[in-house]
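Next come two complexes, and both contain chain A; in the first it sits with chain B, in the second with chain C.
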Partner chain A sequence: MALLQVQDISISIDRPEGKVGLVRDVSFDIQPGEIVGMLGESGCGKSLTALAILGLLPEGMTATGEILFKGANLLTLDEPSLCRLRGNRIGLIFQEPMTTLNPMMTIGDQVMEPLRLHRGLGRHDARAEALRLLERIRLPSPRQKFDSYPHQLSGGQRQRVVIAMAIACKPELLIADEPTTALDTTMQMQILDLLLDLTDETDTGLLLITHDLGVMAEMTDRILVMYGGSIVETSPTADLIASPAHPYSRGLLRAIPQRAPGSDGWLEPIPGTVPAPAARPQGCLFRARCPIAIAECAAHRPELRDILPGRSAACWVPIIHGRTGDA
Partner chain B sequence: MNRLLLYRLASWALTLLAITVIAFLVLEILPGDPALVLLGPDAQPDTLEALRQQLGLNQAAVVRYFEWMSGLLRGDMGTSYTYSIPVSELIGSRLKITIPLAVLSTAIAVGLALVLGMYAAARHNRVGDYGVMAVTQIGVAIPSFWLGMLLILLFSLTLRWFSAGGFPGWEAGLWPGLRALVLPAAALAIAQAAVLTRVVRASVIEVLNQDFVRTARAKGLTRAQALRRHALRNALIPVVTVIGLQFGHLLAGTIVIENVFSLPGLGRLIFQSINQRDLMVIKNVVVLLAVIVITVNLIVDLLYLVIDPRLRHAS
Partner chain C sequence: MTAASTSTASPARKIGWLRSPSLVAGGIISATITSAALLSFLWTPYPPLAMNMAQRFQPPSLQHVFGTDQFGRDVLSLLMTGAQSSLAVGVVAVAIGLVIGSALGLIASARGGWIDEIIMRMCDFLFAFPAVLCAVMLAAALGAGMGNAMVAIGVYNIPIFARIVRGAAAGVWVREFVLAARTSGKSSTHIAIEHVLPNILDIIVVQATISFATAILAEAALSYLGLGTQPPTPSWGRMLHESQVFLSRAPYLSIFPGLTIVTMVLGINLLGDGLRDLLDPRYARER
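Entry: the complex of A and B
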């Protein structure tokens, strides 16, 4: 059974002018030990999807659909049961290490919190366990850092602490929302290696959200490409890199100099912008920016469908083996 | 030592000095001859002159200022014109009422504000929140003397739970003393509580929207646990600031409230001495009130250091 099965998740927000859809019909699943990447421009709904899984959407937003975690639907689960899952069986790592830690609480207290909450450890045992965790995530001089406050740590050290909190109870599923965007390149690689080690050791499923295709290519087994609130392509990582099926995926690859197949090494940003959630047109959302759009694209929005074994795309003319053809 | 702390102590001392100068100058400029007030309009010119001489009113202003200061340093505040007892003794006995009144009132205001403010924040944009906001609107608008009279009507005259005014003295015991202070403290506290409730609410709402509260929820804390363990302490800084700022208003409020409830406190003393042009009492009480206010604000600054570790380490 899949560890996580997300089915037709839609997220909308209540605005004075009415409900506005932010995420539409997103479906994917994650197997134990699998690393799934989620890729897409800023504002396409990656963080909201992650928050919806944990039932932590901001006030005023609602999610519909099904989110099955080991068979149990998280969207219909009551709040106390969700609290028992969060930080225990599902860990979440946020994108901003500067603001995700409580500035007025010591590192030690913050790392001990999930241990005391979910594993019922007393102060003494929790302390010993938290120190072990801080060592495991390779925080320098953990004993001294234990009683420090977040402002006394560097960005990379804080992100290690955030990871320590997320993995404290050995979750079966880990969601990392841009865990390295705020860090410099060396620190990025160290943190990502750390995540790889940790998930390897425990067979944890990992949903890794990032803008960074390079990171994706190196770490993930499979990639979900999101655009304007929907998934437009899902493919095994190697396939997607070698031959992106959706014109948007191809555009993303082109925007990365070294990796673009057939490009001359220059950065080639995709022209145009994403339509705002409240102003989404009929038809394909990518149409205004798509170099190969056809008449059908303006009339009907393409659904995600299988184009090859293990690959699907939401496009009327997906690029298969480097060639477009009406499917 | 912490730089912030040193800076605050220095500014405390400078403010104090400035206050004595201002208090002295203001009373110099004010019209009204204490000798004339004491002896009445029919007094003979030579009797008046003799009294002025005796009170030291004929000396140059600078001389009188420095005499006052050197007296203060020795703990000597001079003698009251009207009561003919040392001002320090007079003030001391009045403080025994005003300080407990102010502390009790602050405690009531802070307690109410924390409960109501947190409740409103937890119910942000829902009925409970609107209800609390409406109540605070009324609370801010009600003048404390009028509320005081209402409280007397209800709790003293109708229900007979408390006396309508006066103070039995602490010699009568702790409870009778406190009992006499409950109604005036409540009358003073309502407006403070209303303002403070709004501050607590706004502050908690702001903190609840911060990333680390979401982190706390992602760890599995319930909404209430996240509020208690993570939001409250962070929300406390602006609350403490406003408590400090309000303390001055609170002391000003005691002048009115002590008159409504006939409490022989500092507020009533300053009211009477102004009526009687008892300059010796006025200037010392003014300075004392100022010292209390700036000291409370100094304590607030020290509390920041206790609450916020970031300030503690920024030395």
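Entry: the complex of A and C
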């Protein structure tokens, strides 16, 4: 059984002028030990999807559909049950290590919190376990740092602490929402390596949210490409990098700076902008920016469908093996 | 191991403590007046209530450092004894306002919706009555006295704390570490106490010192109206009130209680400023 099964999740926000759909019919699943990447530009619904999994959507937003975590639908669970899951069986790592730690609490106290809360450890045991965790995430001189406040740590060190908190109770599922975006490049690789090691050790499923394709290619088994609140392509990582099927995925790949010999060094931006959630047109949302749009794209919005074994795309004219094929 | 890590942290704290001039100054002023109040339980230069008609209106001298009043009572002794009631009113009134007000404000910010609405409208209702009016009503219902003055000023402080706490807490609830705390499975109550409250403590402390200062002034005002401390119990406010008749004849009778009130209020405010810096670990390093 899949560890996490997200089925037809739609998220909408209540506005005075009516409900506005933000995320539409997102479905995917994560197996134990699998690393799934979620790719897309800002505002495409990645973080909202992550928050919906934990039942932490901001006020005024509602999610419909099914989120099955080991068979239990998270959307119908009550708050106390969700509290028992969060930080215990599902961990979340945020983007901004500068703001996700409480400035008034010592590092040690914050790492001890989930241990005391979910595993009922006493102060003494929690301290020993927290120190073990800080060693495991390779925080330099953990014993000294234990009584430090967040402002006394560097960005990379803080993110390690955030990770320690997320993995403290050995969650079965870890969601990392842009865990390295705020860090410099060398620190990025260290943190990602750490995440890889940790998920390997415990067979934890990892949902990695990022807009960094380089990170995706290194880390993930499978990639979900999101655009305008929907998944437009899902493919094994190697396939997607080698031959993106959706024109948007291809656009993203072409917009990566290349240093490879033979490349002329020019980036190819994707023209235009993402339509705002309240002003999404009929038909394909990517149509206005798409170099290969056809008449059908304006009339009907393409649904996600299988185009090759293990790969699906939401496009009327997916690019298969580098060529535009017929649907 | 614990000892080692604490000892490395504490020198920085100690230096920060000494380098905060407002904390030191405020601490010295508050401590001096508080110890004078405590001392007055055991000893005062003269019995505070002993009248001596031969010694009326003595200007400040070596025998009577702050002079004597219209009954020949020693002003210094009266001020020391008066500190008891003034400080008691300050402490109790602030405690009432701080505990109840902060709790209400925290609940309002945590729950939102109709609970928030009800609490804040109740605060508006309380705000509509000035402290003096509140005290007049209480005095009418329960009789004038120091206890009722404390309660009245305390009740007046409740909406002040509730509003400030709610506003500051609202800013903390949307911070990312609160969301992070939610993702680690903490309930709203838990987050309110462990994450939100410590982050607004500085604001509460500062408000407490301001309220303490205004409570002393309010007690003075109420005593002035005859609704606070009742004669013959001395209080700073009543001394100020009674001395105004003799302002041209014996100005020192007004000056010393007035200066005492001003000094105490200043001391408490400085103490609050210093405490705020001390409570915030982010200041510890920079100082």
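In this text, the second predicted complex is superposed on the first by the 320 of 327 C-alpha atoms of A that agree within 3 Å, B and C clash if a C-alpha of one lies under 4 Å from a C-alpha of the other, contacts with A are read in each partner's own complex, and residues count from 1 in each chain.
Throughout what follows, contacts are C-beta pairs under 8 Å (C-beta built on N, C-alpha and C of every residue); 3 or more make two chains touch, one makes a residue touch a chain.
Computed from a prediction, not measured in an experiment: that's the story for all the values here.
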{"item": "Room on chain A for both chain B and chain C (clash or fit)", "value": "clash"}
{"item": "First (chain B), second (chain C), both or neither touched by A:His118", "value": "both"}
{"item": "Touched partner set for A:Ala276, first chain B, second chain C, both or neither", "value": "neither"}
{"item": "Partner chain in contact with A:Ala299 - chain B first, chain C second, else both or neither", "value": "neither"}
{"item": "Which superposed partner A:Leu101 touches (first chain B, second chain C, both, neither)", "value": "both"}
{"item": "First, second, both or neither for A:Arg143, with chain B first and chain C second", "value": "second"}
{"item": "Residues on chain A lying within both footprints (that of chain B and that of chain C)", "value": "54, 56, 59, 79-80, 83-88, 91-92, 94, 96, 99-105, 113-114, 117-118, 149, 151-152, 162, 165-166"}
{"item": "Contact set on chain B toward chain A in their complex", "value": "124-125, 210-212, 214-222, 229-230, 233-234, 307-310, 313"}
{"item": "Chain A contact footprint on chain C (complex, rising order)", "value": "1, 4-6, 8-9, 112, 175-177, 179-187, 190, 194-195, 198-199, 201, 280-282, 284-285"}
{"item": "Chain A to chain C touching residues, read off their complex", "value": "54, 56, 59, 79-80, 82-88, 91-92, 94, 96, 99-105, 113-114, 117-118, 143-144, 146-147, 149, 151-152, 162, 165-166"}
{"item": "List of chain A residues in touch with chain B within their complex", "value": "54, 56, 59, 79-80, 83-88, 91-92, 94, 96, 99-105, 113-114, 117-118, 149, 151-152, 162, 165-166"}
